[in-house]
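Presented sequentially are two complexes of chain A, the first with chain B as partner and the second with chain C.
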Partner chain A sequence: MFFYVIRRLLYMIPTLLGVAFLTFLLFTIFGEDPVRQALGLHASEEAIVALRAKWGLDQSFAKQFYDFLVQILTFDYGESFSTGEKLSDIFCGGVLVSLSLTAPPFVFGTLFNIVIALFISYFRGKSLDKISTFLFVVSMSISYLVYIIVLQYLLAYRFGWFPIQGFEPGFSSISYLMLPWFIIGLVSMGPDIRLFRTIFLDQVKSDYIRTARAKGASEPRVLFVHLLKNAMIPILTNTVIAIPFLITGAFVMERYFALPGIGDITITAINEGDFPIIKAMTVMSAVLYSCFNLLTDVLYALVDPRVKLS
Partner chain B sequence: MGEVKVTNTIPFQYDTKKIVKIKNRFVRRFFSQIQNNKQFLFSSLIILFYVFVACLGWMNLLPDFQARVGVSYESPSLSFAKIFGTDIFGRSVFFKLLAGTQTAVTMGFVVTAIAVPIGLVLGSIAGYYGKTLDIFITWLYSVIASVPDILLLIAISYSLGKGLMAVCVAMAASYWISLCRMIRGEFIKHKESEYVLAAKLLGANDFVVIFKHILPNVIHIAIVTSSLMILNAIKAEVMLTYLGVGIQDGASWGAMISAVPGELTNEIWWSLAAVVSFMFLVIYALNVVGDTLRDILDPKLLN
Partner chain C sequence: MKFKRQIMFLCLIPFLNNCTWFSSGEKNSSGQNFFKAEDNKVVLHQARSADAKTLDPQAQFDSISGLFVRSLYDTLLDYHYLKRPYELIPVLLEEMPEISEDKKTLTFKLKKGIHFSDDPCFEGGKGRELVTDDVLYTIKRFADINVNAMSWFLLSDSVVGLDDMREKTKKILNLDYDKEQVKGLEKIDSYTFKIHLIEPNPLALYSLAASSLSIIPKEAVTKYGDDFSRHPVGTGAFYLKEYRKKQTMTFVKNENYFMHYPKDGELGDKENGFLDDAGKKLPLASEVQLDYIPESQPEMLKFKNGELAWVALDRDNFQQMAFFDKSGEIHLKEDLANDFKIYTEPGLVTSYIVFNMKDNIAQNKNLRKAIAHAIDFKKKIELLSNGRGLTLGTIVPLSIGGSEKDIGNYGIPFDLEKARDYMKKSGYGDKPLQLVMTIGGTTTMYQNLYEFLRDSLDKIGIDLKPDYKTWPSYLKSTQIGDFQMATAAWTADYPDPENFYQLLFSENTRGSAFKNDEYDKLYDEMRFMQNSPERFEIIKKMAQILQEEVPVIFDSTPLVSGLVQNWLTNFKRNIMVDYPFKYLSVSQKSEKTVAQK
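This part shows the complex of A and B:
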């Protein structure tokens, strides 16, 4: 197990190098010129040269790439092109906002969806099952953006139950986050419950369920005690792998409700050609993604004694 | 034991009649399954209708969506152009929808046409040959998969310039990964199986083994995945256009939805209703078709 983790951590190095190179390629070599974007089309030659030198863009690509790698190793990505703030400050604030936006609906939504999915699999093949399956496909066929637009219009603009958009730090942020939480929870129901239902129905056919029934266990006991415990393995792995996306945030949601999370920061950075933020954001999410991938595999082996890591 | 000599004279002849029979049985089973499946037939009809509209668009037979047909924000009435009302510039919402359909179908086709071959070929090579090739291809897709989808899409469409083709290339660049992963996994399983050994002993080279023997057994994954790809492409286009990197010239469903927030506050509901129902129909149909194909195309379920 220990050696497995070490080896996987070593495997992350070439992947991260690749990510760094890809980011560099896309934004430095092919991307728009940040200096032009910052100073406008009619800037003087001297100003452009000066800013280029300040941002280190006058050096060769190899030198710039080397500097980027050093930044990744030292976790010091410098300052934002557009505001001059320290990147670590920007990201700490952004991560908190993104997490407070996505974590509560993720935790409570997942628990709620598991219960609903169990309930539905209890009635498998009956009309409740068929109707709900149909409804979930319907709900998945509507664009995320449409949910946001319509629910914001109805619940915030029309009925005035929630503030329309914006954000305040501290506990007063809850009133601003209620509606986004509700929307995230609602949208996650379709795909989540369908997935969990499939997982449960896969388990229902297995031998241990038949044994439990043969022992005379009641149907609720079979579902909640025997089945849920075994179904937790695929549910757990499917859930853990989604955690990095909680931190990197919900781009459209943050943009629409003007929440200053990671997603909003990144989109603003892209629009302004703020390369340091983009670089830091890409590398950070790549590290998170790889780490949680590893964590999923390790968890898999920890909860399921049949799985051996090699 | 003497050396086993593999020559090109095939000692064993396939019973071609039997193979044709199996294929027929497969096709017959496919049709008998979909005959009774009204939902599937209905969904296929819907998809065919959208493709038909797109074909009209490719032949330049669709009415011009940029022409003014009335005054600004006219509510729906019973004339052909104003059946879904007009937008802020007095353009027909219906004509815009049709133009958006052409964009969506084009996007679906182009994305799958780029992503599916890449995923299939790289997945088969990685799974079949293993070793260095496998390590390289796995590295390639784990690099791309580690970058969040939307960031990659934005980055590529910025690098290639904004527009329909940039969006398509950007989506294809991340969509081939899931297919490649699945195909690779299947190839790893299949390459050890007896029919592959038999084919090799009969003198088949790697190309024949991969494309003629293993691929037909796993191609259903590609078919099911492409219906998912089209669906995701249509959904992602809405997000990208909202974030400002999608298709900019207005002939897309995403651009129409992005204009909705301002319209709703003025009680303009018809544009939203029209575009949501138009999108809903095709995505629902693709969902149903994808699910049904997954259930009936898997050869493991064929008995």
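This part shows the complex of A and C:
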């Protein structure tokens, strides 16, 4: 296991190097000119030259890429082109907000959806199963944005159950996050329950389930002790791989509810051509995804003794 | 079965209307939120779509940063809040500056007793009085290329010696401004100074009203260094209480503010209640909270909920909430009139189409005339802007002196027959012709614009292709002349026709390469004149040249519209004073008043 992990970490290096190079290439060669974006209509040649020098954009391609690699290794991505603030400060604050938005519905939603999926798979083939399948497919067909717009209008504005949008630090944030949590949970029900149901149905035909029932185990015991334990493996892998996306935030949700998370920061950076932020986000996402991919494989081996990492 | 009985199904919580478990604010009987006044304190809530890039006046020139800077700082001059056409008034000055006979020397007298807000950067933490040294320091800092990359054009080639100082700052970082003698900036005493201009230039006064020339204290820059961009110290109507990025930002009243509400306005202001607070000390509001709201839907919902003071109407919201009557006036829908008022104001933006005069095809004058006659801009406004716009007969928007209101209409009218005639004269009448329109955006709005233009030119046999560009690419293309035709727009830096006619002055045209000696000569004559019948005669000739040569086709100017809460008083849309918080208050007669959160 140890050597496997070391080997995987070493394999990550060329992957991340490739991501960094591609990102850098795209933004430097094919990306927009951030200096003209910043200076706008009244840009004079002298101002363009001065700002390019200030941002280090007059350096050679190799030098700029080297500086970028140093930034990645030291986790110091420099300063925002837009505001001059340190990116580390911007990201620290943003990550906490994004996690407070995505983590609770992810955790509780997953648990809730597992229970619902178990319940539905128990009634496999019956009206409940068919109706719920239909409803979940319909709900999955509706755009995420529609959920946000409609529920914000109905539940916050029309009924006044929640604030329309906004954010305050600390525990005061809970009232602002309730509606986004509800929406995230609602949107995740369809795909999660469908996936979990498929996994459970796959397991319910197994011999060990038949054996458990034959031995007189109660249905809750069959579902929650025998079935769930074995079904947890694929559920776990699907769940862990989704964690990096919790950190990167729910872009559209953060915009509509004015939540100052990583997603909103990224969209603002894209609109303003703030390349340091965009480059940092791209590389960090790749790093997170690679790390959690590795973690998934390791957890898989830990949970299922039949799996041996080599 | 046992399992079925054991598993309880969670019931839906009964829907209860007006259940406010998680929401804040009280609701009145009509179900709308409102704020209660406490100790006569007025707290205004308004939206902002982005964060300020910086609160350093000399380093900013975007609208959001300008919003903050104007509330926290003051300029020597500003625009009268109520009068139209827009006119300058003294703010930090006792009176308008005295102009010498040769019009090259301006003498300024500062008001006495204006203080910066209290701050640790001052001795004992107490804000000191604003004096001449602060103004001269600010102007020099404005000229520093390491501080100001965006708005230097406002004073370039204007003040004697200031351009030389700017040259020095290219080589020297952290230049000591106190040691730099600029011949054009002359201190007389602590409250009096002169500015010597290179040549007569009354437009320089407009520059002194720009937010990037807000007066700052040297002590704040010295103490805070780079952090000065987040630590404002000004003389403004408010000071910054709380700076939470991408959340709520709070301004609190400066109790020692020196300005008073205007005592006069334009015709109709008194009847409309805009002079009810005449002479009162500003600001009228105790606190302003600016909520970060990047999307328009939640902004409109919050406004309808009574949580925001006013909101701009975009295309979709306009259709839901307002309509045009038979005479073309905009009105609010009846069910909304109890709670809101609607405002409309011609914008200070000119949209136009520009030709690259170096392009072999676009050089053809008859072709340009054909294209101009083929586009029905009135229809374009109806289709693409819900009718919220005004066609232009000159390059100057209607609310600025020197527009077609003063000199007449010199636009090219929509006329398909004439268009086809000019196509024949151009030599392209029988030949298929493809043109490329460079478009400065990629959103649906720009796609709709292209489709309209394509359909218009299709009627005269022109196959128009789009070249969509993002903003930086568009800027580069149009500045270096890498285009055939392009959509364009110009927002007034100051309300003077010169700011628009300079676009076609040969030294400024850059990419479009339009050059007309007669036009240049007339521009030189009129640029520094005050508005007068003589000036308008010169402008008329310039408009005639543009009508004849067609280097540009005038499109339209927008009708800026929005909604205001009925309980908000003194709100008069002023395009030059975009966020007039210091003038705003709440109606004491209304049942709906403002509360502190």
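By definition in this document, the second predicted complex is superposed on the first by the 310 of 310 C-alpha atoms of A that agree within 3 Å, B and C clash if a C-alpha of one lies under 4 Å from a C-alpha of the other, contacts with A are read in each partner's own complex, and residues count from 1 in each chain.
One rule holds for everything that comes next: a contact is a pair of C-beta atoms (placed from the backbone, for glycine too) under 8 Å apart; a residue touches a chain by one contact, two chains touch by 3 or more.
A quick note: this is a predicted structure, and the numbers were derived from the prediction, not measured.
Of the two partner chains, chain B is the only one that A:140 touches; chain C does not reach it. Once the two complexes are overlaid on the shared chain, A:149 sits against chain B and chain C alike. In the superposition on chain A, contact is made by A:15 with chain B only, not with chain C. Of the two partner chains, neither chain B nor chain C is touched by A:88.
Put chain B and chain C next to each other and count what each touches on chain A; the higher total goes to C.
Of the two partner chains placed around the shared chain by superposition, chain B is the only one that A:289 touches, whereas chain C remains out of contact. In the superposition on chain A, contact is made by A:264 with chain C only, not with chain B. After overlaying the two complexes on the shared chain, residue contacts for A:23 are found with chain B alone; chain C is out of touch. After overlaying the two complexes on the shared chain, residue contacts for A:219 are found with chain C alone; chain B is out of touch. Of the two partner chains placed by superposition, only chain C is touched by A:119; chain B is not.
32, 149, 152-153, 157, 255-256 are the residues of chain A that lie in the contact sets of both chain B and chain C, per the superposition on chain A. On chain A, the positions that touch chain C within their shared complex are 32-34, 36-44, 46-47, 50-51, 54, 82-84, 93, 119, 122, 149, 152-153, 156-157, 159-169, 175, 178-179, 218-220, 255-258, 260, 264-265, 268, 273. Residue ranges on chain C touching chain A, taken from their complex, read 2-3, 6-7, 15, 17-24, 27, 31, 50-51, 53-54, 61-62, 145-146, 149-153, 170, 226, 229, 244-248, 291-295, 297-298, 301-302, 304-305, 307, 470-473, 475-476, 479.
Chain contact summary for the complex, chain B toward chain A: residues 139-140, 142-148, 150-151, 154-156, 158-160, 235, 238-239, 242-245, 257-258, 260-261, 264-265, 272, 276, 279-280, 283-284, 287-288, 291. Those residues of chain A lying in contact with chain B across their complex are 14-16, 18-19, 22-23, 26-27, 30-32, 137-138, 140-146, 149-150, 152-153, 157, 245, 248, 251-252, 255-256, 266-267, 270-271, 278, 281-282, 285-286, 289-290.
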